[in-house]
Structures are given as structure tokens and as C-alpha cells.
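What follows is a set of structures to go through.
Next come two complexes built around subunit A: one with subunit B, the other with subunit C.
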Partner chain A sequence: MSGETSLAWQALRERAGERAALLGAEGVPTKRVEAWHYTSLQPLNQVKWQAAPALDEAQVGARLSELNLPKGQGLVVFANGRFCAGLSSLPETVKQGSGEDEANEPALLADRFAAQLNAALRQPGLNLHVPEGCDAGLLVLVSLTEGDEVSTHLHHRITLEKGARLSLLDVQLGRGRYFTNPQLDVECAEGAHLTHVTRQDESAEAIRLGISGARIEGRGNYDSFTLNQGGALARQEVVSRLEGAFANVNVNAIQLIDGARLNDLTSMIHHASPDCTSRQTVRTVLSEAGQGVFQGKILVDQVAQKTDGYQMNQALLLSEKGQMNSKPELEIYADDVKCSHGATVGALDEDQLFYMRSRGVPEAQARDALVQAFLFETVELIEDETLREHLLKALPGYV
Partner chain B sequence: MNDFLKIEGLKAQIDADGTPKEILKGLDLNIPKGEVHAIMGPNGSGKSTLSYVLAGREEYEVTGGTASFKGQDLLELEPEERAALGVFLAFQSPVELPGVNNANFLRTAVNAVRRARGEEELDAVAFLKLAREETARLSMSGEMLKRAVNVGFSGGEKKRNEVLQMRLLQPSLAILDETDSGLDIDALRIVAEGVNSLRGPDFSALVITHHQRLLEYIVPDRVHVMAHGRIIHSGGPEVATQLEKQGYKQFLEAAQ
Partner chain C sequence: MPAVSETREAVEKLARSKYEWGFETDVEMDLAPKGLNEDIVRLISARKNEPQWMLEWRLKAFRQWQEMDEPQWAKIKHPPIDFQDAHYFAQPKKKPGPKSLDEVDPELLKTYEKLGIPLHEQEMLAGVEGAGERTPVAVDAVFDSVSVATTFRKTLAEAGVIFCPISEAIIEHPELVKQYLGSVVPVGDNFFSALNSAVFTDGSFVYVPKGVRCPMELSTYFRINARNTGQFERTLIIAEDQATVSYLEGCTAPQRDENQLHAAVVELVAMEDASIKYSTVQNWYPGDENGKGGIYNFVTKRGICKGDRARISWTQVETGSAITWKYPSCILAGKGSVGEFYSVAVTNGHQQADTGTKMIHLAPDTRSTIIAKTISAGESDSTYRGLVRMQPKARNGRNFTQCDSLLIGDQCGAHTVPYIESRNMSARVEHEATTSKISEDQLFYCRSRGFSEEEAVGLIVNGFCREVLKELPMEFAVEAQKLLQISLEGSVG
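For the complex of A and B:
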């Protein structure tokens, strides 16, 4: 079944109506498309995705209480793509923006399939404006999806004005064989700081194509961390553009992949200004027949002198059936830059295992502890203690 | 004679890039209960290999002979079972565990061993109190407990951390593989004191060293000379003094 004639494609086009034009003519990308070489969208093709029906707010509320969410200054809940007013509260300092403002939409994501799909089918999500100099504290965003053969396409937008600060805990979960395709647009004005921790805990049968795009102005900081651990097929795409001097972006992630699931972290870090820094540590743990994908591109424009970029991608293979595909890419047009990158794939270290066991720690426990340690070092990159603790507790086997 | 650690005709090999390489070539050694024995031997003679084989490292394949401890076939047991039975190896090169907090690791180890020995586990408070006492006794800074196991520790700090683990795990057979190398003069005395304080009727030790100096502090009941994967000579503490003065030559020649 080819991409453009698939059941899914027809159903999605139909739902998009006149916006179907935004989808282009090629259909769902095949493995021949470079960006989808390691991650096959075949499973997406096979279902006639319908709009997801509204969920009962009381039941959504019950689900929330199971999540041990940290108490922040605000909580915003979406269920099956719909805003749950009764469960949400925003701090007074921030504004929920009004409507869609597509004229100002950055072209950052234009050629990316997940964003095109979102543009055609989008549902209004969080649209947040943090005013100049305001520290909005911690905001928890929950997106719950339930059902089979249904899809949601939330579109969120966060704008931080000069010197504004916000921490966002972005929790995504669900039940059933659904498809979720959220997009987040981020604007960090001068000196603004957004911490964005994504906890991707989708159902093990779900398909997810999540994407975020961040524009960061001078001395701004977009500090992102993704925990990818759900979905049968789940890509998180993080695209960022450093647009003013001394800006920084962090694109860190952990992927925990078991069963026959595929998790994918695809990122683009675009240094479009001089003197900026970017940091990326991605660690993947593969067990059973899990498949991991990491595609990380760093693009340094000619003007972006004194760029300081760091990328490290490490995978731990706990079973012989697991598979990791990594594609780091550096494209550098400036001559005075410091960009280091590295990648490793391997099993647990036998010396470390033996050392622990010789101290009486049973083998299974020693293995777990070493996996935890591998992850822990990455979680440590989250500066905010509340978010760090929350994420640690979301990891399996955490003690 | 009481059988505590009893090794007979032990042979072990390692896979060196596809070809088996025999390292232990029929080694005999008995350490009775309550005794401290030393092994000295040239580089590459197989001392560390012996210690690994006794601790249960899978990389080394035992191809002959026996090793029993407290009447049990040691070679049948998993490394963690050996630890529970009372075997402790202080590594010649302690392993770094990035991301594993030293205090957590020590508590996990102590409680795993206590559980296996049918003793009650220590709670966090009781453990920390004990660990603080022991670090102070070894003149280690309390900071060491907060760091990742051995990561960024100096050579001497790693060795002290080994002795700390030994003290906390209360083994009945401690194998110290060159624990004295890399230690400054004061540390040597402190570490020796850490071992001596465990000495008693139920504690035995196998001290592997290149230097007679350590054996001035930990006076051994017997000294064995190891070469080419075998014990080639055994005697009292005077053997160490003799080696220090004359080297291995006479023992190697006599063994030919």
C-alpha cells in the first residue's frame, strides 16, 4: 500500500477539508524519504483515523490523580484534543492567547511531515504568553488520549517575552490504539528561559508524531528534555534555531524501548547567530526487540562564528534483538567553531557487573542498578529539582 | 587441619583473542581458618587471575582442579553467593561506576549480603551511622560517600574505598590484591590497621603484594611465592625479607 492511496491518507485528507492542500501530494512518507529511512510509517497507513470523541471530565480527573504530578503554578489539561476547563487553572501572570495567529507562524517546521499534518488537522491547544520579565514558575500540561483508530492534532504555542521564565512539564499519555500528532511552537525572546520537560508515556499501541519548534533570541535559553518511553511507534522531533548571540539550547533525551516498540528522537539544532551554545545528550536503553532511532543534525551557518556545540548519543543494548539506528549529522559553514560529537552502542559493562556482584549484589539487581545509573546521569541534566524528581519517578524500576 | 580455603591443582585459562591461554597451571594453596597468608610473585605470574577465579569472574575458565571454602565447592557458586559466604576481593584496579552513588551502593551491597546471611537489613539511618564511623576510621572524607563509586577518586582513595567496603561487608576471607600499591606512608598504616582489626579466629586473608613493607604491618602466618601459575615455594614471614633482599631468582631456579 503506497503512502498516497492508503486508508489513513484518505481519511485524514477528508477530515482536513479545504486545509488538505497543506498536506502536499506525496502522501505518508515512505522509507525512501531520507527523514523516514529508519522509522517506517507503515503502521500509520493502515488505519482510517477518525476524530477522537470527547471524554468524560470526571474520568479524566481520576486519571490525573494517578500521575503524581508535581504541584505547579498552573495545570492545563487536554483530553482527546479538547481543553478541559474544569480541570485546568492558569496563573494570573500569564495570558491564554486568543485564536490562531497563523500569519506569524515561523517557517521553522514547514517542510516536516508531522508539522504539515498538524497544520492541516490542528486543534487549538495551549496558547500562552508570558510577559516581559515575568517568572511564571512551573506549569503542568497534560494531554490524554483514549480510544482506538482515532487521532488528535493539538497545536500549542508558548511565547516568552524578554527576560521571561517558565518551566513546562509536558505529560502525554493514553489508552488504546490511537494516533497523536501534537505540535508546540516556542518563541524565546531576548534573555527568556524556557525549561521544557516532556514525559512521553503514550499507550504501547499508540502512534505518535510529536514535533516542537523553538526560535531563541539573544541570550535566550530553551532547555528541553524528552523522556520517550511509550508508543508502538513514536517520534519526537525537536527543532530549534538560535537567532541571537549568546543564546543556548539543550536537546537532551532518554529513550526506554521494550517489546517491539520503536522510539525515535529526531532533532535539528540550527546555529544562525554567533556565540551560541547547544548541548545534546541522548541515551537510549533497548530491551527485548525494541528499536531506537536517533537522528541529530547540527547546522552551523557561516555567520555563526564561535559556536560551541556538543552532541553525545549513547545506547545500551540489553538484548540481542534490540536495534539502534543513529544518524548524527554536522553541517558547518563557519570556520571558527567548536563542535564535538560522539556515539556509542554497547551492552552493560562486564567489569562493572562483576564488581557489583563480587560485593554481594545479585546479578539482576546489579543490572538494574547499572541501567538506572546510565539514565540517572542524563536526568541529572535537568536543573529543576522538582522536574528531575518527577521524571526519575516516572522511570520503571525506580527505587 | 581445618579446611577453610583449600585449592588443589587449580588450572584456569582465558580466551586471548580466540586462542586459550593457560594462566593458572595446577596451583595448590591452603589457608586455614584464622590465618593470614601472603602471595608474592613476579608481574604476570597469575596472582590477580587467582583472585578473580576465587571471586567468580566468568571470563576465566577453570579447566582443572578444585577450590573449596568452608567445605563448599567455591567454583560452583555465583560471585554474589561467594560474597554472601564471606569471600571479599579488594581489586587491584577498582572499577568505576558512573552514576552509582557510593553510599547507596555500599548499603545495597551490605544489605544484600546481610539478607543472604539471614541477618537483618540496615535502614538508611543505621547504615549511614556505620558508614560514617568506618570512613572516619580510614581517614576518608565523608564526601567520598556522596560521590559516584570510584569516579574521579585518586589511586589511593580507590584503595581506601576497597578497604571501606571490606570493613562494611565483614568477610571471613579477604583477598587483597596489591591494596598497598599507590598508598602513601600514612595510608598504608591506616589500611593495614583496617585489615588487622578484622583479624581473629574466624577471619582469614590472602594478601597479594610486591612489597615486604606491607607485611611489616600485616604480619602473615605464611608467605607463598608464585610463578608461572603455580606456588613454587612456601615459608614463614622470613620469605618476604629474603625476597626483598635477593629477588625471585633463587626461587625460580630452584623450581626448575
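For the complex of A and C:
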């Protein structure tokens, strides 16, 4: 690996104190590192990131009311990396775990930069335990960051026991030029089902390196959907490992990129068990000078016979200055598998435009409608109606 | 499933079977001492009677190479290569032109025979005086690092086509070589191209003048023959405006137990409305059943469509080598130019292949097509690695990519690593990839119609590769099908 040990890097190391050992010696990865080939971390090197100060809970509450959050069985709020007890409520059925349990931390994310950074600087976040057979309903998690030159590194953990169910709406937003680096560890025991919808609405000046790692046991299901539409430089890494037969994972996403922003969805789907399925649809819309990145890997172990993996990645370029870089990757060591991926990059289909215009729809409206249709098809993949409606409303130009 | 277990057995059997084309000819060699330093570069240049500018070009490349590191990104594994433990120059000792085949070194003739070269072509290859002009294929045989003879030069010369060893071109056509050598693959492009630029001994040079359709397919047989000699071929093909040329490259190699490095560089230049078709059938020694020995094939191949509406087409059937590291690429710089890549890569035993292409779209209305078929068997690993890049000026650029992998047995791996970079909204890039095994339905269908299992698998694999095989010139299509059969003998076909 090659990296840069900038002053900003040194400052982060100092803040980590004893835990600085968890950071690699190389510093911030440069574009020479394959995983960061398309996403430059240079902006991270330009600021000495300080710990974010506490925010006034009343003001945070006011911000929440603007979000049109759906009513769920529970709400958990973090502001600048701190738990807001006054704004949060958890249903009785679930337990908030206590402290960190690092001994049991899966090594799923160990060699990933975002996770190393989180491990060194982590702040305790949600630590949720859904007991066997319990359907915990919908839980809303809000992480708000405000300020300039500050950073937060929340670490969340969700454990679903046998047959447990949970829907999680994970809303992330903020104001200012901050850096946020949240991590979520997910454990889905046998037959458990987690629906995880992330609405990434960070400030347009923010840097974000979000990462999640999920271990899914037999017949378990981790259904994730990410809306990436904020941040000057924002990567969401979704890592999952299918560890028991007939488990399933969905890693769907939408990226909406305008201005000169860069959004990146990087995913790893590891089939470590036979008879599992994975589905991935990622759609990116680029306008102005937006830069989009998609890196998706499907890894199939030798034991993972009868794997069924499908990955589709499509990008719509709406401006001359937009740029899309995709790297869909298959690494397969089992012979009795069905794996495929597809990728397309292009402009709006002229035939479709023509069809609509010939029926009297003005050009601008026709274009909007086609872009909306492109996105809605993906949002439709969210099965939970409440979450689907919420996400549709979070999209710009939704009528 | 009986089909799978039988297939496995067949593959295992194959891994133990002998390399059919493994033989070595004992011909007297003029060898340079082992090792690589400036003196060796000077020696190679001196042996080839090269002009001063060529020596300086080589030395510059050598100095650049010394500063470079071996690339590590490919998905291949091998023990470190000791670049000082190889001969960088080997030349068969030449006798004055024989009068008939009876006077030719019988060892050499045996080699030709095993290669399946027709008798009259053998005569010409061996430099027999007055050999006839009967076949439509011109052969420039690279017997180790030096072209022993070039046939059909007269016929070609009448059409104005220059087809000769590059060492000759350096002396006889220095203006062309100076202008184009290293213009597509710069000296410092990568570690192996720099090494090749410093120490290349020979290769082919083709120049097709304006408006000329080359009257015959051009072909070169590559042989790696002497023990411990790295082979550093250098090929340069130039097609002027409206010129058309088809070049065939085929390889077999003697069996040996030490790994051999092969780092060729091929450069293609296509001017306005020109068309170059470059076809390869590669069957170098893949190593024994334990993965010992075999050729390391680290090749840089690149073509540039310089003029408008130029076309470059790469077709390859890769069945040999212990390690293949090869990305024949197209730079589409002329408006409306076309790049094509058709590939079948078969790995078996302990072979490793990391191969693919790059399509760099620089100009408007450029089009590219990539069809890559990968078949992995035994304990082999095969990777498709490709790049499609649409630059901001590539208005209305089009790319279609299809990568299909077939796995035979559960000890092998098949990987797909495409890079797609688009910076133009009107450009359209489409990529699709699939990985699967031979479908039981297809097998059952063939079996129910009376085909044996082997025949059935053979049919299916040939169908799997059909899109690529049909791109090969007639001369190669038959050989390629044979090679596929040999490579997967017993299990497929």
C-alpha cells in the first residue's frame, strides 16, 4: 500500500492516542492503492480534523422536525457523535447493549481504511440487540453533524437473533465542512431479517467515509438500500458475508451527484456458503460536473456451490462534464454457480424522449420524467412501503 | 452428478498427459553470457550491426527499466524472476544458403515438420535457393530470436509491401522504424516493455503502403528453442491510408523444465481508412502436472487507429503458457475508428491467465467491441481484466463488452475485472459478464441424440467460443479448434 502521512493524518493519530496502533503506518491511501483508484482522498489531508463539540439538543430537535421522518417503534438520535437521550426512545422489545465488545468483532472489515480509522477514533453509537423471534418493527436512526473542520466516528452495532426482524431507517445529515466516518456492524442469525435503508444527505461540503459489515447466517436476509446524495466526497462501503445456506443479501443503491461532488458506492458480497443468493442494482445519475464511482465485487468461495449472484450497475450522464467510473468485479472459485453482472453508461434514450415529445410532453418535463422513472425503478426494490415512501420524498424533484 | 465427476477425472488425466508439441531442436547456438547490463545491450546491438541511434534508443530504455519495478497488480503468482539469470541473446549459427533441403540441418527440418509447415514452405524457411511461390501465406519464421528466413518477399515487394525481420528494417528502412518504433508502446510504458525495448533481438516488420491491400496473409511462427533464453520479440506493423493487412501469429514451444520469460512488444499503426487484423494462436508449454516449468508470457500489444475510420482487430486463442499477462489494446484516435478484441483463453492444470484489453476512445464516433471467452479447468486461474475509457471528446462513442466464463471442476477460478470510465454523456458503454458451468440441459440434449459425453462437451465448448473462432482467418480456425481440443482433451472435445 502507498499512502500519505500528512499533517492532518498526524493530527488524527494524535487524537487516537493509544489506539493509533490500529491505524496502518502508511497514512491516507493515495490513488495508487487499487481500492482508491477512482476516489481521491486528498481532501482528507487538507484539514486538521478536531473532535466535534456537543450540540444543543433543542436545536437538534428542531432539525429533526424538518426531516418528515416516519413514525416508527423507536427513534435514536446522535448529534456530533453524541447520544441525545432526550430525543431518543427505544421500544421495550429491544435491548441497548452496553459498552464495546471488541473481542467478538468480526474481522470482516479489518483491512479497510474507513474501518481502521473508525476503530482508532470510534465513538459509541447504537448497540442494539433484537431477541430471538422478535419483530422489532421500524427503528429510525438519525446522525447529525454540524461544524467546520471537525470529525465524528460513530460505531453502531446491530445483532438480530434467530428469526428476529427489524427495519432500520438510517438518516445521516449535517451542515458545514466536516468529516464523518461511521461504521455499522450487523449480525443476522439464522432466519433473521434486517431491512436497512440509508439516506445519506450529508452537507455538500462534507467528507464521508461510511462503512458497514454484515454477517448473515443460514436463511438470514440482509436487505440494504443506500441513497447517496450528499457530501463533497462521500463513499459508502457495504461489505457482506453469507455464512449459512440459503442466506440472501441485497445491496441496492441510488446515487444522485451534482455540482462538483463525488459519490462512491463500493461493495463486497462474499459467498462463503452454498445455496445463497445476492442481488445488486445500483443506479447513478450525474449532472453538472458530478463524479460517480461504483466498485462492486462478488466473491464466491470454492464451497459456495449453487450460488446465484446478480449485479447490475447503470449510470445516466446528463451533462458534458459528468464522469462515471465503474468496476464491477467477479471472483469465482466454485464451478456450479450462476453469476452475472452488467454495466451501462450513457445519456437518456433518445427514442424514449422522442416518444414522449410526440405525445405532447415538453422536452424538459419529458427528461425529468425519464430520470425519475430510472430512479423509481430502483426505489421500488424496497419492500417496506413506509420506507419506500420516505425515500421517494427525499429525492429532489419528487412531485 | 456423473457429468461433473467424469469431467474432473478427464481433466486430471489431461493434466498428467504430455505436452503434445513439446520437443526441442538441437541446433548450434551463438549465446551471449547470462545476465543483463549495459554491455549486453551493446553486444546485442553490435551483433545486429545496428546504427548508433538504435543503440542509444536501447540504452535509454535499459536505464529506464532499471528505475522501474515489476508490476504486482495482476492476479498471478510466481516465484520472483531473476532477470540476471538468463541469456539475452541466442542466434542459430548460419550456414551459407543450401542448394536443396538435403543440405539443411535435419534437426531444423524435423522441427518444421512437427510444426506442420508444408514442404515447400520449409524450403523457403530454410533458405533453399529458388524455392517456389505457390502458397498464399508468407511466413517469417522466428527461430529463437532471429528470423532465419523470410519467404515471399518478392511477391510482397511487387505490391510494395515490406515484410522482413525488424533487425533488417532497422538497417534498410531506418526512417520508418525511427518514426514509429515506440510510438504506440512508449519505452517506459511498463516494466516489460522497457525490458523488451532494451534487449529485443528480432521480430517482424510490416509496412503496407497507401491504398495497398496486402496480397496474402502474413504469418510468423514463433519458437522458443534454446535453453534459458528469454525471448523478446518486437513487432511493428504500419498500414498507410486505405491499406489492409492481416497478420497471423502462432506459437508452439519445446518442453523444458525451467521457467522461461517471454516479453514481446507488438505495435500497430493504422492510418486513414486502413485496416489491420492481428490474430494469435498461442500454445506455449504450460508446465507439467505439478505446475513446474512453462513459459511466462508477459506481452504488451497495442494498436493505434491514427486516421479517421481506421480499424484494428485483435483475435486471440490462448491455450498455452504457465502465465499469460497480456492486454492487446486499441487507441481510437481517428474519427469513426473501430477497435475489436475477440479472445478465447483456456487454462488447465496450474496455468494462470490474466488477460483482456483496453479500448481508449479519444475521438468522436469511435466504436469498440470486446468478446472474451474464458474457460478454466484443473487447478488453473483465469482473469479477464479490461478497460473501456470514453474521453470527453469521444462524442457518440460506443462500446459493447461481453465476458463469459466457463468453469470445469471446483479447483479452478474465473474472475472478471472490468474498468469502465466514461466522460462523455453521448457515449454509450455496455458491459455484461456471466459465469457458469456447462448446463446439464445442453449435455442431456446432446447425449440423447447419441453423442458421447466427450463429444457433447466438445460441441458445447466450441459453441461457447464460436463468436471468437469465426473471427479467425481460415488458416488459423482449424488449428485453433485443434488446440482447444488438445488443451481440454478428454474433458471437452
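In this section, the second predicted complex is superposed on the first by the 395 of 399 C-alpha atoms of A that agree within 3 Å, B and C clash if a C-alpha of one lies under 4 Å from a C-alpha of the other, contacts with A are read in each partner's own complex, and residues count from 1 in each chain.
Assume a residue touches a chain if its C-beta (ideal position, glycine included) is under 8 Å from a C-beta of that chain, and two chains touch if they have at least 3 such contacts.
Computed from a prediction, not measured in an experiment: that's the story for all the values here.
Asks: Once the shared chain is lined up, is A:320 touching subunit B (first), subunit C (second), both, or neither of them?
Replies: Only subunit C is touched by A:320; subunit B is not.
Asks: Would you mind checking which one, subunit B or subunit C, touches more residues on subunit A?
Replies: More residues of subunit A are touched by C.
Asks: Which partner does A:336 contact after superposing on A: first (subunit B), second (subunit C), both, neither?
Replies: second
Asks: Once the shared chain is lined up, is A:344 touching subunit B (first), subunit C (second), both, or neither of them?
Replies: second
Asks: Considering only the touch criterion stated at the top, classify A:86 as touching first (subunit B), second (subunit C), both, or neither.
Replies: In the superposition, A:86 contacts neither subunit B nor subunit C.
Asks: Considering only touches as defined above, state whether A:370 meets subunit B (first), subunit C (second), both or neither.
Replies: A:370 contacts subunit B only, not subunit C.
Asks: Is A:259 in contact with subunit B, with subunit C, with both, or with neither (first, second, both, neither)?
Replies: In the superposition, A:259 touches no partner, neither subunit B nor subunit C.
Asks: After superposition on the shared chain, which partner residues are touched by A:305: those of subunit B (first), subunit C (second), both, or neither?
Replies: So A:305 only meets subunit C here.
Asks: Is A:354 touching the first partner subunit B, the second partner subunit C, both, or neither of them?
Replies: Touch status of A:354: first partner only.
Asks: Quick check: in the complex, which residue numbers of subunit A touch subunit B?
Replies: Where subunit A meets subunit B, its residues are 350-352, 354-363, 365-366, 369-370, 372-377.
Asks: In the complex formed with subunit C, which residues of subunit A make contact?
Replies: Answer in residue numbers: 34, 302, 305, 315, 317-320, 322-347.
Asks: Sort out for me which residues of subunit C touch subunit A in the complex.
Replies: 4, 73, 390, 392, 405, 407-437
Asks: Which of the residues in subunit B end up touching subunit A in this complex?
Replies: 55-59, 78-80, 82-84, 88-89, 91, 94-100, 105, 108-110, 112-113, 116, 148, 165, 169
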